[in-house]
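Worksheet: the structure to be examined is printed underneath.
Chain IDs A, B, C and D follow the sequence of writing; residue 1 opens each chain.
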Amino acid sequence: MALLVPSLIAYALACLLPLVFLRKDNKAIRQVSYGLILIASAFLTILALKIFISNQPISAVLLQITPGLGFSVFLDRLAALFIFIIAIVSVSFAIYSFNYAEHTGSHIRKNLLAAFSGLFILSMVLFVASGNIFSQLLFWELMSLTSFFLVMFDYEKQETQKSGLFYFVMTQMSTLFLMFAFILIYNITGSFDLQPLSGASPAMQGVIFVSLFIGFGIKAGIMPFHKWLPYAHSASPSNVSALMSGVMIKVAIYGLVRYLVFVLEPELWWGVVILVFGVVSALLGVIYALKEHDIKRLLAYHSIENIGIILIGIGLYVIFRAYGLPELAFLSLAAALFHTLNHALFKSLLFMTAGSVVMVMSTRNIEKMGGLIKKMPYTATLFLIGAVAISALPPLNGFVSELMIFQAFFQSFSLGSPSLIILLFIGLSLFALTSALAAACFVKAFGIIFLATPRSEEAANAREVAPGMIIGPAILAALCFLFGIGSYQIFTYLGYHLPIPDMLVISLILIGFLAAFLLAMRLVSNRQKRFSDTWACGLPALMPAWNTPLPVFPTPY
Amino acid sequence: MISPLLVTLTKLILVLVLFSALLIILQRNISSLFNLYGAQSLLMAILAFMLFAHNGQVVLLALAILTIITKVVIIPYTLHKVQAGAAIKRDVEFRYLTPVSSVIIGIVLIFFVYYVLGKVLPTGDTLLTMGAVIGVSLSLMGMMIIFSRKKVITKVIGYLVMENGILLFSLFMAELPFIIELLIIVDLIIFIMLAVVLALGIDSTVEDFNSRLTAFTTWLKR
Amino acid sequence: MILLSYIIFGAIITAVLLPLALRSRNVSANSTFLNNLNFLTIVHSAGYLGITLYIMLRVPLPAYYFKHYLFIDSLAVYEVLITSVIFLLASVYGHGYIKSLLRAGELKAEMLGLYYSCFNLLMASIVFAFFSNNLALFWILLELTTLFSAVLIVTLGARENIVAALKYVFIASTAMLFSVVGLIILFSMTKQVNGTGTLNWSELMQSAAAFSPSAFVLAFAFIFIGFAAKAGIIPFHTWLPQAHAKAPSVVSTILSGVLLNCGIYGILRLYAIAARTPSQHTVSVILIIFGVLSMALAAFSMLPRSNIKKLIAFSSIEHMGLMLVGIGLGTFTAIYWTLFHILLHSLIKALLFFSAGILHRQYESNKMLEMPNALRLQPLASWGLIIGSIAILGIPPSPVFLSKLFILIQVGAYSPPVLFLVLVLFLIVAGAFTFLLIRAFSRHTDDNIPTYHAHWTMRMPIVALFVMIIGAGIYLYTGLGDILTQIVTGLGF
Amino acid sequence: MSFIIYVLINTVFVLLISPLLMGLIKKVKALAQGRRGVPLLQIYFLLAKLLKKENVYSTNSSFITRIAPYLNITFTAAASLFVPLVFIPDPVAGIGNVILFLYLLVMAKFFMALAGLDAGSAFGGMGSSREMSISAVIEPGVIIVVAAIAFVLKTYNIPQMFALTLASPIFNSATLLLISISLFIVLITETSRVPVDNPETHLELTMVHEAMILEYTGPNLALMEMSHAIKQTLLMGLLINILFPWGLATALTPGGLLLAALMFFVKSLVLAVIIGLFESLTAKWRLFALPKLFMLAYALAFLTIVVELLV
């Protein structure tokens, strides 16, 4: 409590300060505002970690309006995890924004950006911290509203207008379904408190589940409710895209998990529904991403893919729970939540570094880029780390969570129903396809953006970005390593003994091998080197246009 | 209790009222409409007077006098005067309904109203039922006129017919306190005037209309 | 005799104002004559507000006057409070707005007298309509409001204004005549029950239990037609969009913020009677059906709009539908939040129309495609529209969120499918608002458009409304809640 | 302690035998085509020669080109720990997790593909793009094959799989034979062989793997070739030890190890002959025809699961 309230106040101040001095073009005010966000987020990170480690839920009433109606706070491990996600990304966001936000339009817009960012983070934190349905709904709407304004940042662009309209209608649709579900819940329990819905009939529970799923699903960007996501995420400023893609869609996952685990009594078919939607989102998300040439839209489609993966985990959880397999159910849920955290980290990282690139290049078309690794080595390295993480490659964090899902899938032989097992194996193979396509996509993205030769004037004249825009993402990159390599230790420390490989050992072995090979090569090989032009088929010079990989990405089957 | 003669006479007049309404529906000449309306109002007054003769309530007498003064004399007179200044003499445009179909629908309406009110009204009192049914039907016919005619001036007549229907209804159902009746009638007169002025405005140029409206204002505050 | 003070006050003002108004022929925008008229109007509305506040604080309620023809109870005071606040703001706003219209030549100087006299008379008649205990008296005053507001609509003198006013007058008055039929039936019913007929609401409440159900439903249906037309409920709404869109923004505010309330107020009073008769359920169903239909029609009509004021007008229909549903649900919670919703709806509609008014002065248009650079040229009005829209859509932190949520909860308890339908309608409305606002405010042109400098009297009410809308949420917990509880119990729920 | 010994033994064995197997297949192919072919140990000579040459870098290239060979061999070598070729160790910290094994190989491939793009040559880009697409399309097959094995053997740890098949006298399950066909297709694909890729060509538009490493010379090329050879050995080892695990040592005795190494050599000889013959008998397929092949692998693996479910 001691940390929570001051943090909330700091966010509120961060929002109010630029609004009060809206017409002043003063960089210091914005810096203070982002500074407040930074401090508040740091506090919240500590708070979340404290709760997470001690596993003692915090529950308090912030403001009691009338009996049965008020704002209350409930933070257990689940909420703390999501608070942690929000806070840690916000820390990075604030550092990144110190420099980035100064490059965005007129001073009033800069001030508005700072103000709405503060409010946006505040509303997300409060949604997750909410202890009752009423405040959840309230802050959900507030979050939608502020994010809408952030999407509308470049409101004069035709494209943004379309995105904004699309986004607003979709958020309202999500509110529609949530309100429907919440009101049904309220009318069953007669209070706004989050409590198990044991009295309701299975049919009613089913209706509530479906509307909750659609409501949260729209916000999370599940296919076929995903249409808004690529539009909105590419229209907003890149630092905000990082928040939206990294955090906001996770808040929807929080809602879904909260209701599935604590309120409703899931049935088997729910799990199947979630799983099917998850697989479809994952697969189609990545296929759309492969076709994309706009870097931010590409990343946005990958968010859809990763939300699909998270949903696969949740779906498996429900299925295993319905079959009375608590250990597997826990493994799946842990996988889903861990992937949520991981995706938040590497997707924000990718969006921020992509934002740096877009800022330097003033275009989002990756075919105009190329060769940036030599101009922007730090940004390129950070992007590479993000790309490795999102492609689920060991030993980074993205791999660990996908591994957990794979393992859950592999153990589906313990289920009784053959048809269900077949379904799970089909899901498994499509999931594998997704994961491989993601790697292919990021080879393409990283290769085209950063490698080879510049394909435009801007790319040739690119410069490395300001330190804040390196440090912010770098924190996330470091965490990607930490949560990848230390995953087994972290789970064990928290008291969860999961059957996953100890990535620390693997990493040590990798380092050992690397050192060994370096040493061996030093000893036995010729260490001379020479530089020469790339072989250009005998032509005088290499054409930059050649090094675009052919669009040979056959649609599977 | 009520003398049979009076009952027969009342019924006769009620039928006449209905007949006048049908005539109004069919009529296209505007000044004839005013005259028809005046005649219908006179029938109202006579009805009110007959009811007064029967049960001796002063309210009814006052109502009869009031009706004669306003609806038989003042309103038709004013309407005629206003009409003299306007260009149109005949109203031949209709929406949704032609006069003939209006008449058919009007007859259907009467049966419908009889059916609905028959369920509510106390049975046995045929006069009351008849009065109420014809009153409501008259209102509905007036509404039909408002809907089907395009010229505002005929809409006004439709409105007046409606209002007569309601007067009829109230005569038979229950006598409202006089003050209320009076207020309602005054209200309606002001309203009619406004409608007429506006109607003229729509049929003339805007500048012309402005001066008329000003004149109306002066009249209103006299 | 507090009520007397209203009458005396109104009479004095009218006595001073009317002769003044009638002298108007050719006056310029800056004449003392106009200032005087304006000042008197402001004093008039401020006076009502003052007296109302005094009543709220000091006078024990309910109080009856003039043989129970007039009375003051908490509901009436509440409605009068809303009315006088809106009128006060409108008259302040009108100061700058009317001058601007005069300068632009859209309003003829000869019309000024008519405008101000009708404005003040409208105010008086609405206030007394709320205070009438007698339903017939209420009906008469309601007719008068139609009359005065119609005249206010035509003061602009354009042809479409006349058409709009005529449509309004005919539809409202025709429907109101049906109310008389209903009132007469009601009167005869009380006569059967009590021996003497009465249309006094307080007495109707007492004898309601003895009414025959079918007759009462019939009477209710007839009266409902009239009041529904005043409130813009489908299918009697056709006058509303045109009238609201064509009228000067000050008048639109009054029409939307106050006049529609009169209709809803009448229906609420009537429902309070219905709730004591055996036919409550039937009446509820009627109200809910009409309410939902209104919302549906409004929602679908809002989609293709390009005219801001028309959109706001349809939004009024939608909210009237919601209030009707709220009343029809007939539970304590539903009525409580419906009342709160009435207050907020009035305030927000005022905010929206005031903002649209300034934009109209800037661009001489209400069409969304004709407002380039609006956010830069008129930031206050633009943000007024944006925030007003957010508020009216019921998105937090707007207090409308509360009333919407709780009415919806009651709808959910009544029937989940209806709840879902209503939610879908809300979505459509939200979409329509966003579509129009985004299109309107994202227009950009490089032409140098001269900025219209809105007079401070036009800007001040907008700021005041911002404060009041937020304040309403806070006030709900610091006093308004008790008042609302008192009203709802007073109505017998 | 035994783990460290295992690491040493397995790594050294893999490093030693991989070039030999590579040469073996080459030889078999040459013989099948009626040529004499290069000596069996040619690959060792080649590597030695490459180590002596200098590294040539493109002026367009970045540090990716420099680190890729090392990362590549590191990850492949790490993956080799997951497939015990001569000796089954006790499970340690998840070493042997089949998914981790696959992804270590993908990681190696990821950097190789990046390196292919780095120099800005048209060939490299094309190779990377094709490699990643092929690997994406085969991935469901690979995973489902692995899952089928896991499903049959009820474990997803490779050493345990070997231990299980070793414990049973003859084919643990007939279904494993079905899987082995799928596994063979995976092997062909992952090691860039006909009909998926042609390891012999260098400057044809059809090539995939060779195109990516086109820009490498000298020691770096040696590392790349080496890791490719290791990868091939690992996949062969996986196939061999699941189907015919006989001879694998379960305890650390010098005699057992020697026998196991010998046994593995003989078995891999047979497999190399099969691969060589297969390569000689088929022609390279069009890129867009490949999904048919992968679909076959997928279908067979799926069939395994279905059969297993019915039993």
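Criterion: a residue touches a chain if its C-beta (ideal position, glycine included) is under 8 Å from a C-beta of that chain, and two chains touch if they have at least 3 such contacts.
Bear in mind that the values here come from a model prediction, so they are computed numbers and not experimental data.
Chains joined by the most contact pairs: A-D. Greatest Cα centroid separation from subunit C: this falls to D.
Chain centroids computed from C-alpha atoms place A closest to the centre of all protein C-alpha atoms shown. The distance from the centre of subunit A to the centre of subunit B, with each centre set as the mean of the Cα atoms, comes to 72 Å. Each chain gets a centre from the mean of its Cα atoms; for subunit A and subunit D, those two points are 34 Å apart.
Centroids of subunit B and subunit D (each the mean of its C-alpha atoms) stand 100 Å apart. Between the Cα centres of subunit B and subunit C there is a gap of 31 Å. Touching of two or more other chains is recorded for no residue of subunit B. Taken as a contact graph, with one node per protein chain and an edge wherever two chains touch, the assembly forms an open path, each chain linked only to its neighbours along a line. You'll find the chains touch as A-C, A-D, B-C. Contacts from subunit A toward subunit C in the complex involve residues 65-66, 134, 137-139, 141-142, 144-145, 152, 155-156, 160-161, 164-165, 168-169, 172-173, 176-177, 179-180, 183-184, 186-187, 207. Remark: subunit C residues 18, 22, 108, 110-111, 113-114, 117, 134, 136-137, 139-140, 143-144, 146-147, 150-151, 154, 157-159, 162-163, 165-166, 169-170, 173-174, 177-178, 180-181, 183-185, 187-188, 191, 197, 199, 212, 214-215, 218 touch subunit B in the complex. Those residues of subunit B that touch subunit C in the complex are listed here as 116-117, 119-120, 135-136, 139, 143, 146, 152, 155, 159, 162-163, 166, 169-170, 173-174, 176, 180, 183-184, 187-188, 190-191, 194-195, 198-199, 201-202, 206, 209-211, 213-214, 217-218, 221. Interface residues of subunit D facing subunit A in the complex, by the touch rule stated above, are 7, 51-64, 70-71, 73-75, 77-78, 81, 92-95, 97, 99-100, 103-104, 106-107, 110, 113-114, 117-122, 124-126, 128-130, 132-133, 135-144, 147, 150-151, 154, 156, 214-215, 218-219, 222-223, 287-288, 291, 295, 298, 302, 305-306, 309-310. Residues of subunit C touching subunit A in their complex: 375, 390, 395-397, 401, 405, 408-409, 411-413, 416, 419-420, 423-424, 426-427, 430-431, 434-435, 438-439, 441-442, 444, 477, 481.
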